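Paired with chain B in one complex and with chain C in the other, chain A is shared by the two complexes that follow.
What follows is the complex of A and B.
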């Protein structure tokens, strides 16, 4: 087992991931520590985190590969997973400061507090690790040994000089963040902060384009190491997201050769991870769109697209200064984040929009609700209660004292990140079931308040009995064209109304650390959150998954769902990721690339927030479910991440197959 | 547009053959094919997609036979033109010439079907008058810049690509050598719609062979036509 967990790449990813998720691996590790590493075991149970970190740096296994370009390794045995409070994760650390100044530049040189002492101690621990790596390099037969030694020597005192060296520093920071059990670690705006190194190296003849491309390929391949360990709930959910492209203050589009190279490499490597998010604006040139569509059409699930025209104004309204807003990155999937400066946790909990409706049916005197407006008012009443529960979760979060995160987050010179030291310490929540609620409410409006065919009590009984005595009504509900996702005034208005309700009760809320709360219209838990749920009056039976994001499963056309998304109001605090999920099949996209480009250009102008494409064919998915051995490389988009189809639980596979069949018109949407 | 002047055996839009609303049953659920829109409301709905019509995009009217609705459509066309929108039409041209003439003022791009040329077979199989078709075709090709026209040929083994008809198609095409041609394969994507209308649709079997379409494509390419295959 120890060899297995220390291997970088291997065919045991799924097995190890399953063992990790079940807790079996953790129990094995604790037993191993007790037996073979008693000192570490005792320290990990009784010492503060920065001391455990020191021990890790002093003792973790150093893994130098003979053939690999970069030094990058994790040691599961020494994973800092002694959690004392809410861990920071789903973030992008500050790579730039370390690249530009090395460890010396990160030290706090004035002030005399316990925190500053712990902080500098953490830096010293990192230096210990660096020195151990240098020693291991000297004793190794690794390729380009002297160059690597120079890289690590330089890390202690100065900035990187070259492109390849800068990337090694990214990987070193990245591995420290993973090693200290911060999950879902983003890479930030890689093309932006590496751009000057690339240009400089090319200018002085140190590097050419082909060499840079090979370097980037090795960079991305390294990031994909320890896939099982990095994957969260589901395989593929690693949060290793690279943000590309951006807008400047004048609305011009900024990108460089690295932007296009990285997109091309992601397509060629055909791995589910790492992934890319491409920022767009009205001035994004054709070649960027072309590269993005080529990559999306390959089915690799990247890049997802973020519309600066919609996102940046929302960040500014929220109070984020322009310079930071222009440089936004994202959390693991798509929640906007100020990378390197933020410890905002964007996925603290999930708001289930269906719960207030369930509460209403369970607790209210239904005979007193004699109009649709009254129904909405009662929905709001219960929604407010559910939002109080959300706030209690956030209020109750105690954060782990985390000097490692503080070292790699700008601004933590006086206080630890957990005590509000970082510049941004907001809270974000995701949400499920808004689409199901909108459709349920429209159906209730029709059948109860307009046609008066049923009473609310009748509906309640139907839902409790899971439509068992509903006759043909269930088929009717399922066959009715879904409203959520359509660009008609009614659908947009009701969706906006509910979003307004959430903002009303959350926009003035402050976390214990003075941060604000933001929410988005999507969550990874569209299957899990529905387990054990009642049926809903959009035709969803008990326990069936909720709708996924803002999608076109409802048989809406692409333009309808994009128009719908663009018409929603993302003001105040409603910008924590709002994604249109377009289902399309591979040949359709490949044969219509120019049209897709026109669609995306139009969509940017319309004002969609964010978008991803799930490029799948039902035929292939069905065959892959029956014969996984024939489709080991098949990648699908699950939520805000891609995964190998064969790695997914059957429940997720079935949802994808059903969505693909609906998209192809083979079953009723 | 619902309603057609022909009844092609390979039609994949059976719900658009008749001019009136039709009831259907799909997966046990009843529905109606056809919705009437007042012209202004239709245009309001169409203009929701205006943002996506860069690079010469716009609205394409098809069917059925779009030009058989010229009285209605002329109002719609006027409103779209007022909004500066490009208009295309997919047509088999089996309509009276007046309809074609009236469309000229508004249509920016014609997608014209070429099907069966022989008069007797055209009448028997499609229910159309091929002389009327050829006259309309000639008229359009003399009035419209050829870069704004594309010919579309459905590759039905026993009909459009039958040997005699193929020769007749080539004779027609030879008069308009600079007009682009698209060949497209037959498919069964319309099967569920036939089922929903309780109409037997056995057409596809034996009536499409990729090899025959490729042969025709290669011939046209070698003869210097600008031809492509549209795979559906």
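What follows is the complex of A and C.
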């Protein structure tokens, strides 16, 4: 059985894939360990994590592929998934230090503490793994065997010399982070930190552009390996984001051949993984926009676009030094993160904006509320209470002592990442349902305080009873144009007011280690957080999904939504990802690339924060739901990642279909 | 941990941190409460409100026919309570699996009466 498990590709992957899908994988593995690997089982249950890690490095299967350019493997049996506290995830490890200096450069050479001893022991374990890989390479028939042996020898003591070797180091760090069960592992600014290797190799004639492109293809394909195993909450939810392009100190746009090459390869490979995020600014040249739009139009869901003009000023305001702010990456989806230096968990919990409004109707003396302003004040009262609960979730997180994460995070020279050792250890929350709240409030304003057609008690009854006796009004509400996400002064003002409320109660908050709290207007929980919810007065029945990120599928134009996004104020702590989510038809995109580019150029100048798009028609989605066998390669964008449509639960498929239909004007938004 | 254990752990944490239920209810300006649920959590809440400015007027429990007194308070079924003229600022549901049903029934019959859920509020103290 174990040999079956350890084979990298082939039918046995399917066996584990099926077990993962059915939720049986962990139990199956634990049983296997207990029966066949009792020593490992005992260590994993009773020893600290750094000792378990050593055992893993000493015993995990080394898999060398004969044909593959890079050495990259995971061993599910030896996955370090023992939980000893809140696990780090959603992070980007520090690839650069390892590329530039090898293991020796990571060691702590002065000081004497238990932590330093554990930290250096972790590095020794990694060296054991490297030596085992070298031995396996020597015994293998793999292609370029001597070169690979040299790469791994070099990892122990010195920096990488060449482009291909540097990539092998990325993959090695990446596999260690996955092997130790850190979920959602980012890749960072790959074009930036590989650029000098590429340029140098080309300059000395060691490499040409075609060769580099082939190397990158193999690199990205390797990252797609174990897609099913790496997936977190949903298939495709891997957090493998490559961040491309950036701004310099003077606002100039920095990119290189690798930037364009990677975007092109992602389009050509047409795989959900890895995903790309492209940073933009006012000086982004046409060829970068063109490459990005071609890629988006191909339907792979990448790249997500992030506007430096909006993001960087917010990071600076928050106190991030300029040098780091200029190099921001993101967590698994969209949350700005100082990759390699940060263990800020940017997705610790979700703020559900609908909960305060629900609680207002359930808990308040509604007869005392006689104006819209009073209603808003009561909303704030309940929002503050909700935020207390959010803060208590964060306060209660006791992090797992994690020397592996510390080794690959800058700044952990005296303290473990779990004890505030990294340079950044803030906390982030996502948020959901603000759009539903804004539209509900507008409807309440109209029906209760302006037209006085209903009282708040009437509305309470309708919501609690799920519009049971108010079907006509429900239809009326559903047919009303949604204001959230439109370039509408009132809508923008109300949204800003509620965002201000959140900042008011969170900017002074500090985590147990002194970190600060950030929030953003996007969340993966638009379906899950709505389960068990009451109906809302925007025309949503109980349990129906909330609005996806910043979106308005009935908007007459994309400009409306982008203008809305640009008009919001992301100051203080409001920058933890604010994604405009567009649905668009492939034929529209194909016919309007130039217009779409102009739209983006204008939006960058105006200050939208981030944007992602699904380029797919309702017809294709409906057919793919009915006949998945005909659309096995169909990729869609959900949450902040790309995934195979066929891998998604039906609830997500239905949301996408409904949004596409609304976007095409086939149903009322 | 099951739901009840989670609530009890959070309650203990509140106690250790000095977070008080009476302060919480005062923030709503509620002074007179009805407790739904003649079980452990209902009992603890009654104890927590002893000697504070928040009074408890009675208890609601679906087993009222079997037990008419709980911690010295009268016990009613929900139907009895809704038919009565007992004045209260809010019903606080302490039973973990009854909130939605209680809310629906109360909303149908006395829409103006606030219904609060201890499980949710315990994180907000």
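Convention: the second predicted complex is superposed on the first by the 644 of 669 C-alpha atoms of A that agree within 3 Å, B and C clash if a C-alpha of one lies under 4 Å from a C-alpha of the other, contacts with A are read in each partner's own complex, and residues count from 1 in each chain.
Everything below uses one rule, namely that a residue touches a chain if its C-beta (ideal position, glycine included) is under 8 Å from a C-beta of that chain, and two chains touch if they have at least 3 such contacts.
In this text, all values refer to a predicted model and were calculated from it rather than measured experimentally.
Model built by superposing both complexes on chain A: chain B and chain C fit together without a clash. Looking at the shared chain after the overlay, A:591 reaches chain B, while chain C stays out of its contact range.
By the touch criterion stated above, A:68 is placed in contact with neither chain B nor chain C. Residue contacts after overlaying the shared chain place A:665 against chain B, while chain C stays out of touching range. In the superposition on chain A, A:563 contacts chain B only, with no contact to chain C. With both structures placed on the common chain, the touch criterion links A:465 to chain C but leaves chain B unconnected.
In the superposition on chain A, A:602 contacts chain B only, with no contact to chain C.
Residue contacts after overlaying the shared chain place A:479 against chain B, while chain C stays out of touching range.
Applying the stated contact rule after C-alpha superposition, one finds that A:538 touches neither chain B nor chain C. Superposition on chain A leaves chain B and chain C with their closest Cα atoms 29 Å from each other.
Contacts from chain A toward chain B in the complex involve residues 475-476, 478-479, 487, 559-560, 562-563, 587, 591, 594, 598-599, 601-603, 605-606, 665, 667-668. Here chain B touches chain A in the complex through residues 26-29, 31, 48-49, 51-55, 57, 189, 192, 231, going by the rule given at the top. Residues 359, 362-367, 381, 385-386, 388-389, 392-393, 457, 460-461, 464-465 of chain A are the ones that touch chain C when the two sit in their complex.
For chain C in complex with chain A, the residues that touch the partner chain are 27-28, 89-90, 103-104, 107-108, 111-112, 114-117, 120-121, 123-125.
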